[in-house]
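For clarity, chains are labelled A, B and C in written order, and residue numbers in each chain start from 1.
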Amino acid sequence: MKTLLLAAAAATLATSAMAQDVVRMGTEGAYPPYNFINDDGEIDGFEREVGDELCTRAELTCEWVSNDWDSIIPNLTSGNYDTIIAGMSITAERDEVIDFTDPYFPPAASAYASTMDMDPMSADAVVAAQTNTIQAAHVAESGATLLEFATPDEAVAAVRNGEADAIFADKDFLVPIVDEDSDMSFVGEDVALGDGIGIGLRESDDELEATFNEAIASMKEDGTLNTMITEWFGEDAITFE
Amino acid sequence: MMCAEELGAYGLRSLGIGERLLPRSDITLCDQVVLIGSGMIWNVYFGVLALAAGFFLATLLALGKAATSAWIRKPADWFVFLFRGSPLFIQFFLAYEAFVRLPDSIGVGLFGAEGADLGWLTRAYAGALVVLFFNTSAYAGEIFYGALRSVPKGDLEAADAYGLTGFTRFRRIVWPTMLRLAWPAYTNEAIFLFHATTLVFFSGFPAWRQQGDALYYASYFADKTFNPFIPYPIVALYFIVLTLIVISLFSAAGRRLNRHLPSSERPRRPRAIGQLIR
Amino acid sequence: MFEYCSDPSALDGARWLSCYLTNGVHLRFYSSFGTVLLLLAITAPLALAFGFLGAAASRSSVAPLRWAGKTYTAMVRGVPDIVFFLFFVIALDQAFEWMRHQALCPGWDAPIRQGAEFNVCPEAKLPRSSAPQAWHEAYNFSLAIVTFAIVFGAFAANVLYGAMRAVPRAQMETAAAYGMTERQAFRRILVPQMWVYALPGLSNLWMILIKATPLLFLLGVEDIVYWAREIGGSKTSAFSYPHPDWRIWYFSGLLVFYLIFTKISEIVLAQLTARLSAGQATAEGERLRRAAPAGPAA
């Protein structure tokens, strides 16, 4: 109870400063189409567009920063930016340390892609995934051999060069890759992981969380969010009802 | 009390023995200490084998660099330059990429449709070891070469006077003196090599079945607990202990190399002057 | 960059390449070489300063100072640099903010640590969250520099400590005989003379420093490795310049860059050694003295 009160006190103090302050949006910049660095060297992608729209609606000044995936949460909790908007699925583990807004992207399917016809769940399958993702944790539990890479790019490269039998990643990340590579196709069943993608925030930033939730709700209501999802992820993408 | 339970479960996890799944929730200090310690097995493995094998190649490289024939000297020079002049991080990356391509490009056709089985080179235990072996050979080769040039003229003249020639002269006079002179710098090289083993799973080589080195597990815990201030200092402590062990082993060997000298002439401790610290 | 680059998908061959190599990300990639060189240029003297302090502390007659100096050099030497890089930047950042917090917000009563969180008052944030992005980047960059300097300062301390011991004792005894205090002798005799003994070690350290720069991306600096990885990775048609995985080419480019850079450094340092050795009571100085033609010392 005491910690709750203190957290609330901190939150009120923080809000007084928030009004004129800039909200710093942390992202990875290496996970197209969610977020990536475009050819002009700027942060671009679905999340950039959603984030900017959210900031406009909430009347916040937002500044985008990119940060390595591995240290993206420690840098949020130590205050180097105020939000994580980096395709981060809401999971119980993460929720213990940071807070999430309501999802701005529905629980997305994760999928296996491979250059051959294989069963990604079998014990002798070698499946590549990005280190420290829910997909990596899933592969470790599935019984297949997990092969971990620092970036999703390297995991895809490993499948192409035969180092791994399959890659397990967000389906939306894999769709353009599979579409453009005739050798690669989806194998096995899609798996639904996580509770959707939300904006990560410090637990003490209740005010900011409420502001973003409101903005997300309004974007869901007037259909802008669904429009953006189909724009970036194609007509078949899962949208909010 | 002494993390007995964790020791049983994760003590050899880095080799694939014990619990298949890593701890995911309620991570205790014991979990971290044991699992990171288990990862140290790989750091020691890479360090010891690369150092042992590198010692011989380094001697050859030093002799090659000192050779009069350009056909021997140039390749040795280039080898040393290539591995000393570029960051290990980039060497690991390029080596992994090269090893991955190897079987496709030469194996297929030559050894049938499957190609020669060079797949093991893309695995860290072999591929990274090769890189570390070449790397430490180049550094130690340069150190040995420097020492070779400093072998006192008097020693060589004495060898000549005793009628020693060729390999006997090298083995009994030149080589021991070279080692004696190079030893402090070589000790430093060994320390650096052990430190360099932390890069294996960091650039290029992927971890299989979550079997990695100490740093791999530390970053796993840093990610799971979202707190970098516990696992990384644990790695640091392990490495301080490892460094102390390396120093004591090397100084024991150094004392053996110097045992014929009167005690006043024995270097009391490794001197920092002019020594190559990588 | 060029006029014909407005529609990359219509280009091919050399034109495509010329546009590709001059697009926004590539310009940032090229400028990151400058970032690395700048970092080296600032880190080297700073590390030397840390090293000097460490070495001076290690030979201090005040015991706690001596222990501090020795612990500093021994500890950093015993731990792989990468391990420091992985948590030091956040630690350093929090340490600075904590100190500012103590100074600027005495009335703040909420706890700074709440679970994993680290909350200081807004005034103590470094830089203030409303500061322009450039300040944030500059701050990150200086944290990286300080981290590098602390780590390599320990190695420099080791080298300088050895160099100070290598200055012939007779020199210091003569200084004492001339009535100099210990301090004067340190400043006027020991420090000027130690450099020639320290140079081989310091040259080496410079080489190590160069070769540690690929780890800069761990410190949050968008360095050449960061961009090589970023740009080289395969790009789908969501990008203006789609291409397969080209990282091996970019990394080969980095390899060449480092080889050239170390080669140049080697040549320059060899010349510097020759110059510093002149007039010194060392074997090399003696060799130079004999080789020089008779006449006034240059």
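Everything below uses one rule, namely that a residue touches a chain if its C-beta (ideal position, glycine included) is under 8 Å from a C-beta of that chain, and two chains touch if they have at least 3 such contacts.
In this text the structure is predicted, and so the values were computed from the model without any measurement.
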Chain-level touch network, classified as line, ring, star, complete or other: complete
Chain pair with the higher count of C-beta pairs in contact (A-C, A-B): A-C
Nearest-to-centre chain - CA centroid comparison: C
Chain whose mean Cα position lies farthest from subunit B: A
Interchain centroid distance [CA atoms averaged], subunit B/subunit C, Å: 24
Centroid distance [mean C-alpha coordinates] between subunit B and subunit A, Å: 39
Centroid spacing, where centroids are CA-atom means, of subunit A and subunit C in whole angstrom: 34
Where subunit B touches two or more other chains, by residue: 202, 219, 222, 226-228
In subunit A, residues with contacts to at least two other chains: 71, 74, 77, 97-98, 154
Multi-partner residues of subunit C (each touching 2 or more other chains): 90, 116, 247
Residues of subunit B touching subunit A in the complex: 21-22, 24-25, 100-101, 104, 122, 202, 206-210, 219-220, 222-224, 226-228
Residues of subunit A defined as touching subunit B within the complex: 70-71, 73-74, 77, 93, 97-98, 126, 128, 131-132, 137, 140-141, 145-150, 154, 158, 161-163
Touching residues on subunit C, where the partner in the complex is subunit B: 75, 77-84, 86-87, 90-91, 116, 155, 158-159, 161-163, 165-166, 197, 200-201, 204-205, 207-208, 210-215, 225, 247-248, 251-252, 254-255, 258-259, 262-263
Footprint of subunit C on subunit A - complex, ascending: 3, 6-7, 9-10, 13-14, 17, 20-22, 24, 29-30, 32-33, 36-42, 63, 65-68, 71, 74-75, 77-80, 82, 97-98, 151, 153-154, 156-157, 160, 176-177, 180, 202-204
Parts of subunit B lying in touch with subunit C, wherever the complex brings them together: 81-82, 84-91, 93-94, 97, 191, 194-196, 198-199, 202-203, 215, 218-219, 222, 226-229, 232-233, 235-236, 239-240, 243-244, 271-278
